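Each of the next two complexes has chain A plus one other chain: chain B in the first, chain C in the second.
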Partner chain A sequence: MFEFSPFLATALIGGIGLALISAPLGVFVVWQRQSYFGATLAHSALLGVSLALLMQTNLSGTIIVVSLLIAWGIFTLNHTQQLSSDTLLGILAHSSLALGLILISLQDSVQIDLMGYLFGDILSLNQNDLILIAVTGVLIALFYWKHWRDMLNITLNSELAQVEGTEVKKVQLQFILLLAFMIALSMKMVGVLLVTSLLIIPAAAARRLSHTPEQMLGWSLILGVLSVLTGIAGSYWYDLPTGPAIVMMATLIFGLLLFKKQ
Partner chain B sequence: MHKANSLREPAEPEKSPSQNTQLIEAINLCHSFGDQDVLQDISLTLHRGEIITLIGPNGAGKSTLLKILLGLLKPSSGEVWRRPNLRIGFMPQKIQIDPTLPMTVERFLALGKQANLKPDADDTTISSQQILEDLNLQALLNKPIQKISGGEMQRVLLARALCTRPQLLVLDEPVQGVDIQGQSEIYQYINQIRNEYQYGILMVSHDLHIVMKHTDQVLCLNRHICCSGHPQEVSQSEDFITLFGEHDPAIAVYEHHHNPHVCGHSHGDGHIHLHHPDQESDSK
Partner chain C sequence: MTDRSAIPLKVEQLSIRYHHKPVLTDVSFEVPAGKTVAIIGPNGAGKSSLLKGIMGLTPVIQGQALFFGEPLDKKRLTTAYVPQREEIDWDFPIDVMDVVLMGRHGQLKFWQRPNQNDRDIAEKALWDLQMSDFSDRQISQLSGGQQQRVFLARALAQQASLYLMDEPFAGVDVATEKAIIELFKQLKAQGNTVVCVHHDLNTVHEYYDYAVLINARLIAAGPVDEVLTKDNLNKTYGGRLSLLNEMTEQLYRSQLNQAHDQD
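And now, the complex of A and B:
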């Protein structure tokens, strides 16, 4: 009934690793109400994919660079244009997704699994990805070791944090950089359209169980790993698409926890 | 002798006694957003133990000026001099915390304390325990920060500003959302800690009548400083009257003098504990 192939081993290790790097970023995305910002970066990842194919560059690297450019675009447009950031994010998210789709469709010489990019294909995870996931995990751990308190203060009120001596811009930039890394890597597992759910849903579910920010981080790590493992199992036994199965398991956990009295 | 390590040396190299107590100075600040001038030629100086209140109508540039003084915004032209290693306690105007962040009032206050502070000899400071007692916050410590009332939030924010052991307190609308009795108490408390600890205080308000009593200097801002001086002079100046209208005698300012000998009401939740209520009665 259960055959442990190398593919499955890579998928399981990669999935657990991605859950572990998503949760710590996800709690701050939720606390800072930045889920639409995360979604915009994720949508722009498809533009990164198509540019990588067009220019024959490294896939993850190109996605990270494009995400960072989009993030930079959001910040500058936000300060100079008279648009609400909500509208601005909508424009950037969808125009970059559309541009990505167009650029992909122009490259008819290459066989491209578009569904794989949009909804994920966990079997496309390879050894290289595992190393990148591990490196990102270490970077995130180092970042929080130094800046956990700063991030909490920025979340509470960024002006107050800055007056009190936090280097707000520097810390925020590092956070966005890590977010771009995480999106570029998780895209393979759950796809461009579902990446944000890995950030948001385990963190939202963890809220019901937590009384401190640190407990919420801990629970979102646990619930994220649980969603990935049960999602991969469901996909393995019932032949479901893996990305959507993981998202549905996370949502199921979230739904069950809604019944818990706080 | 301290030397400015960053922005600018004080205007004159010979330090007069007043410059020893000078905390912050703004020199000819101008600021514009795009082609819109928000601030024109603003200069001000704040010393230890001094309260300056900034008043002005909405859109007068009060928040912009505060941001420049706090170093959050670079002025288009002009300079800000800060005393070297100046510690600023800042109370922002409003703070919105998402309900998904599990955080108690106690944790919120603990996050504000700066771990790397060295005690300096010339500072008389107030202990965190004393702050909690004075502002009557002990009962709130275990509450989620999102569940406290507007008035309680103002006291929590003031406590957080005080916990950083400031030399300069910057308060942006400190009594927003506080009932009239609470307002009077907060102002009296601010005056009291100024007297005891010689903090310099800069605050913004749009309600001028109630803040006037303890303020040393009022700056009336409408893009430029249209009048300034002691509250009494300002409220009679022509510019002030054009901007705000005459002081309406119908708006009486209630002042809370808590004297247990005269007044027997309970000193329960929501009150600020003033150290020496008798000192407050000199101003009647």
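And now, the complex of A and C:
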């Protein structure tokens, strides 16, 4: 009934690792109402994939660079153009996705599993990814050790944080960098179109159980890991696509917690 | 400690542009210690920009602001800021006490936790703003005026000498208005200085000792009685004369009433 293969072991360890790096970033994405920003970075990851294939460069590295460029683009356009930020995010999210799809379709020499990039393929996780996930986890832990309080301050009121001496831009840039790392790595598991759900759904579910920021962080770690484990199990036993199964389990947990009285 | 004899806030030839359009040009004034000061002017005159320029939140193209004779970087702990109340509902699980305790963070290193002394100071600040009963409440459950009082308590917990506030009275309930007036009295009694952007000309006399009149440049700065003249108000609010005459008449009457009250 249960055959433990090395593939499955890598998938499980990788899945738990990705849940552990998404949850801490997700709480701030939810608090700062940045989920569309996260979604835009995730959509731009496909552009990263197509450029990596085109130029024969490292996949994760290219995705991270493209995500950072898109984040920089959002930041600059937001400050120079009279566009509302969700319009801007909508334009960038879908134009970068469209450009990515076009660039992939132009490369007829290689057979490309587009579905794998869009919706994820957990069995494509390898040893290298596990190392990268661990490194990102350590970076996130260091970032929060140093800047947890700054991030809370920025969330409450960024101007106040700046007046009180927090280097707001520097801290936010580091956060976006970590977000780009997380997206590049989790894309393999749940795909470009579902990455944002790993950030948002466990955090939103944790909100129902928390009265302090620290509690919400803890609960979103627990609920994130739970979603990944039950999602992988569901996908293993019922032969469901893994990425969507994980997202559905997270949504189920969120739905159940909606009934909890606050 | 801060030298009490130094000028709490000195603005020197400050100019601000926004998208290449001049917002404020060559504004200079000094704020004396132990007073409440209103920055007033019509909508779009650059009041909030002035405050943001002073606090380094908006780039200035020329000039500087000195806090007790030094740039803000050196005086962050002696300067507290209360931003304009925003109409946002925080989806953020944090209680009132923890928000006020954030006012103590400037005194702590990043690995230190607030101790009992910090908690006592935060509790006292909440008590001063009649918010003690709310200290365990989630900030998202408070009304706008109560949120404003939490941010004032947070500034108070910082134990600064100079308080800069962006329209603290805008859109608040009566209880909060009273709490802010009490806070002003208390801060002044301790020799602290309060500088506020203020939009309601009718209450300037009642709440403030000093006024800084702004309309794209400095019109006048000084004690309220001296600078709130018909001539200065004309220059500041120019054009809307009929309204102005009404206002100056109201001001005159409120002064008369005050004079009567003192009899």
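The rule we apply is simple: the second predicted complex is superposed on the first by the 262 of 262 C-alpha atoms of A that agree within 3 Å, B and C clash if a C-alpha of one lies under 4 Å from a C-alpha of the other, contacts with A are read in each partner's own complex, and residues count from 1 in each chain.
As a convention for this text, contacts are C-beta pairs under 8 Å (C-beta built on N, C-alpha and C of every residue); 3 or more make two chains touch, one makes a residue touch a chain.
Computed from a predicted model, the values in this text were never measured in an experiment.
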{"item": "Fit or clash between chain C and chain B when superposed on chain A", "value": "clash"}
{"item": "Touched partner set for A:S5, first chain B, second chain C, both or neither", "value": "neither"}
{"item": "Chain B versus chain C as contact partner of A:Q56, first or second or both or neither", "value": "neither"}
{"item": "First, second, both or neither for A:K146, with chain B first and chain C second", "value": "second"}
{"item": "Touching both chain C and chain B, counted on chain A across the two superposed complexes", "value": "30-31, 33, 149, 152-153, 155-157, 159-160, 162-165, 207, 210-213, 215-216"}
{"item": "Sites on chain A touched by chain B in the complex", "value": "30-33, 149, 152-153, 155-157, 159-160, 162-165, 203-204, 207, 210-213, 215-216"}
{"item": "In the complex with chain A, residue positions of chain C that touch it", "value": "52, 55-57, 72-73, 76, 79, 81, 83, 86, 90-95, 98-99, 102, 105-106, 110-111, 138, 151"}
{"item": "Complex contact set, residues of chain B against chain A", "value": "67, 70-72, 88, 90, 92, 95, 97-98, 100-104, 107-108, 111-112, 114, 160, 164, 170"}
{"item": "Chain C-touching residues of chain A, taken from the complex the two chains share", "value": "30-31, 33, 145-147, 149, 152-153, 155-157, 159-160, 162-165, 207, 210-213, 215-216"}
